[in-house]
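Each structure below is given as structure tokens.
The two complexes that follow have chain A in common; it is paired with chain B in the first and with chain C in the second.
So, the complex of A and B:
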């Protein structure tokens, strides 16, 4: 990069970074408040478990309850809990899970994260590429059969609830036709390992959830890109380029390049949200990912686990956003050089 | 008079809108000769830009060339452009033999590519084999000739000032020395000093022999007077008068031309005495043009025949005018 371009670039990056810090603080505050707004007692599940294990001594339950209240700081006033939470969050300590006491929250999240990432990142990117390409072709051939077909197809698939699509896939391809397994990340009874056999088994289980995410996401991308491309069709540089003899192919590449820019931001947000898992998809497919864990945490009101998952999720959204702003600046010279269009 | 460069014969170009025709250009003939700058004036909606599309044969839906011919005279042979398929026009005519400085030159260059890359893309459509360095050298020479620094081709369009961008567009449009160049209101969005500069640049193109002839489209007679010799006045899709520009300014024949001229604010004393004129009424809806002369509903000198018959261009004292008064 040339020297004259570097300074505005650094300024741009540092301003972005400060903005992220402030919003991160606000976001984790909300994450602190929201789970506590759900009615219910987070200790009840744990206490019930102890109760069911036969140690039904009221005295013991009471003392366990007291210890746990202290352990999790649930008895303290909210602001003390809040300060405690924030200081721990900045130290990187996400606390201990309530429902899986005494396991650390992080130890619960870490093993499921790769599953979610392996499922979501390829499917989000695949949907993005296919959707944008379809949409761009449809927009470029506005009014043609290709356009009408793509638009209608996209409208339909984007409006199908993705959990319903997932159930439909399970019902047809798994239950009726027995082509693919309907649930799990791998066959029951196998132990995850880096062997060819396990990887093949994993891919076999992977296809249905992958398809359900790709199909339900690509329609939205296609519709968005189609409109962006149609806006560009009448752009001055398109008309001028055509009258200088530019090939249709080249004109298409110009339009594609300029109209895809806003979609990069959308991709970033989707990728950032990937760590949170596709909650319902994971539940339907019984897939061992973050979404499934979050579902469990929510149903037992496991505050630290909910907070932990959300903090990691928010962190990853921001990281993705930050990285994509960076990428955006690289691919769009108008942003990189920090100048506005003007005469 | 020089040899013919481009000729439009009896062109009718209509926009097809919901099974109806908008008669944007109706029976228009125009000849452009070597070394000539032809000014084309008219108000908005008079068909100027449609005419420029017809001259280039850039016929895209909903525009349709119903009738007429567009001929390009090339090294002794005549090419009927309207018979060529679009791919052929793109590869061998546009940018090479005919070119255009577009109406909105500000955003006419691909915004997210360096200018040199846009230039290379254009070259790739015209030649199977290109030598990048040679093209860049050539382009830089042309940029300097036109008054843009040669480093500008390594910049993005938005990094140049308005005037620079305008001239960069002119340089890109004329890289392959097209015989015929259309300047479609190249100055209307510019401030007066930049206007002057752009006019000079366009004038230089012809003086240096970069282009053979130019059609300068504008709504502003004062601008076109600085550059053109011949003036074509259009009204509601028709040519109403063709003449040398000085003669038109001295003595406009067609009532519309008179209106157009007298509605311009100029410091000349006789204009001050006469006051500023405005043409009554509004231009007709070209989906339902009035019968007879299209100007008759707004014309002060209207005769009975004007409502019934369409006037044809006829020669009056070496000038051409389409009006029953002569």
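So, the complex of A and C:
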């Protein structure tokens, strides 16, 4: 990178970073306000319930109650609660779980997070690549059979929720045909370890949830890129290139590069939705990730754990957003050379 | 005039097929429960029976009639989708034009707000809010999804209006002393009517899919029947692994047919009305 280009690049990246920091702060604030703002204050209701159930094991219940009172600071004025909450969140202390007392919520989330990342990241990137390539080819050959087929296929596939496709795949390929295992992240009875046998077993269980996400997610990208490519077809450089007698392949690669750019930003914005879908897919597959933990937390109304999961997930989405924006700044020459701020 | 405008649309095969599918499903939801008046929450007969003459879509673990559930569920899902779209649309159609017409600091504040809501993962936030609500009616679910879904539309409306605002006829109206409100309603909003209509359809899809997602993790409507709730019970009762396909296939087919036919309608409209996409 040349010296004169560094400043606009840094300006762009730091602006994005500050924006995300502010949004994250707002998101944490929402997490703080919600349970306290909703009529009937679910937190104090929960505390009362725990207290009433105290007959069975008074000793334990009393200590759960005490921890919760301290962590939520329900006796204190709201601004003190808020400052406490924020400082603890930034220190990485996300409170104590109720259903798995006295475990810290962070200690419950840490082991399941990698499973979600391993499922989500490769599948959305694969879907992005396949979808965009399909869409670009369709747009380039617009009006052809390939185009019509790709478009109609993508229109339907893009509306299939990941989890429902997952259910269909489990039913056909696992229950009926017995080709793939229909649940879990690995065979029951094995202990996760870094051995070839375990990794193969994991991959075997990985295929169906992976396919559910890839297939349903690629449709949306194909539809978008197809339109972007069709828009580019009218551009002066394309006409000029064709007049010069450039090979079709060369023209295609120019068009592809230009139309793919907005889809990089699109990837950042789609992450939240993709994560939501993946969490539900995990539940369908009994996959040992964050979605499964969230489901358990929801069914036991373990509010501290639910809150903790959200702070971590929203934080990860923002971090990924920022990384995508960073990559965008690297590949968009307009930002790299400081001509404009991009979109 | 209207007829002439829409005539090319009816020449599109894609439009015709998708609108027929859509009308068919709407009829299922609206007329179905009347023609097939079985109580969707009652106990109709034997447990987990496959489709038969007596129970066209079979029964579930509690002996509930699945056809009745799917018909009534389609009605609820359509209602939630429509309501979600009305809410998202109303917010977007207020924020977008104000931002574009007022400009300056108003624009800046509104757009920062829009961008913040846009980047907060709205499904996650919907899950979090729904968690704290003990009673969730269909309307509450729609409100939740609608309030979180509007930002992309507001942004698109703003940028489209900005390109309209510099046209001659708008400048003339301004010189003639039109108020901002009159300017918006007479000169600007008609210019984005097709786009707004297409967005409305996409919002309906967002509502239908959002309801299904929330229901599956146990945060759907707390009473009544919806397509998402039918799927949720199928998952809870392990219908997939026990091979009870008549429980989880029909609601999914309706969701996908409904949302993809709506998406196809917008695509067909885009191909007809958008000069840059029209085939040469």
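Please note the rule applied: the second predicted complex is superposed on the first by the 282 of 343 C-alpha atoms of A that agree within 3 Å, B and C clash if a C-alpha of one lies under 4 Å from a C-alpha of the other, contacts with A are read in each partner's own complex, and residues count from 1 in each chain.
In this section, a residue touches a chain if its C-beta (ideal position, glycine included) is under 8 Å from a C-beta of that chain, and two chains touch if they have at least 3 such contacts.
In this text the structure is predicted, and so the values were computed from the model without any measurement.
J.: Looking at the superposed three-chain arrangement on chain A, would you call chain B and chain C a clash or a fit?
T.: fit
J.: In this superposed model, does chain C or chain B come into contact with more residues of chain A?
T.: C
J.: Put simply, what angle do chain B and chain C open at chain A, by C-alpha centres, to the nearest 10°?
T.: Angle at the centre of chain A: 70 degrees.
J.: Tell me which partner A:235 touches in the superposition: chain B (first), chain C (second), both or neither.
T.: First partner only.
J.: With both complexes overlaid on chain A, does A:247 touch chain B (first), chain C (second), both or neither?
T.: first
J.: In the overlay, answer first, second, both or neither for which of chain B and chain C A:33 touches.
T.: neither
J.: So, does A:313 touch the first partner chain B, the second partner chain C, both, or neither?
T.: second
J.: For A:298, is the partner it touches chain B (first), chain C (second), both, or none of the two (neither)?
T.: The answer is second: A:298 touches chain C but not chain B.
J.: In the superposed arrangement, does A:182 touch chain B (first), chain C (second), both or neither?
T.: second
J.: Based on the superposed arrangement, let me know which partner A:275 touches: chain B (first), chain C (second), both, or neither?
T.: second
J.: Minimum Cα separation, chain B versus chain C, post-superposition (Å)?
T.: Minimum over all C-alpha pairs: 5 Å.
J.: Share the list of chain A residues that count as touching for chain B in one structure and for chain C in the other.
T.: The answer is that chain A has no such residue.
J.: Any idea which chain B residues touch chain A in the complex?
T.: 56, 58, 89-91, 93-96, 99-100, 102, 104-113, 118, 121-122, 124-126, 156, 158-159, 161-162, 165, 169, 172-173
J.: Okay, in this complex, where on chain A does chain C touch?
T.: Per the stated touch rule, the residues are 19-20, 22-23, 26-27, 30-31, 34-35, 38, 40, 42, 142-143, 151-152, 155-156, 158-161, 163-164, 167-168, 170-171, 174-176, 182-183, 223, 227, 230-231, 234, 269, 271-273, 275-277, 279-280, 283-284, 294-295, 298-299, 301, 303, 306-307, 310, 313-314, 317-318, 321.
J.: How about chain A: which of its residues touch chain B in the complex?
T.: 235-237, 239-247, 250, 254, 257-258, 261, 331-334, 337, 339, 341, 343
J.: What residues on chain C touch chain A, complex-wise?
T.: Against chain A, the touching part of chain C is residues 14, 115-116, 118-125, 127-129, 131-134, 205, 209, 212-213, 216-219, 231, 234-235, 240-241, 243, 245, 248-249, 252, 255-256, 259-260, 263-264, 267, 270, 276-277, 279.
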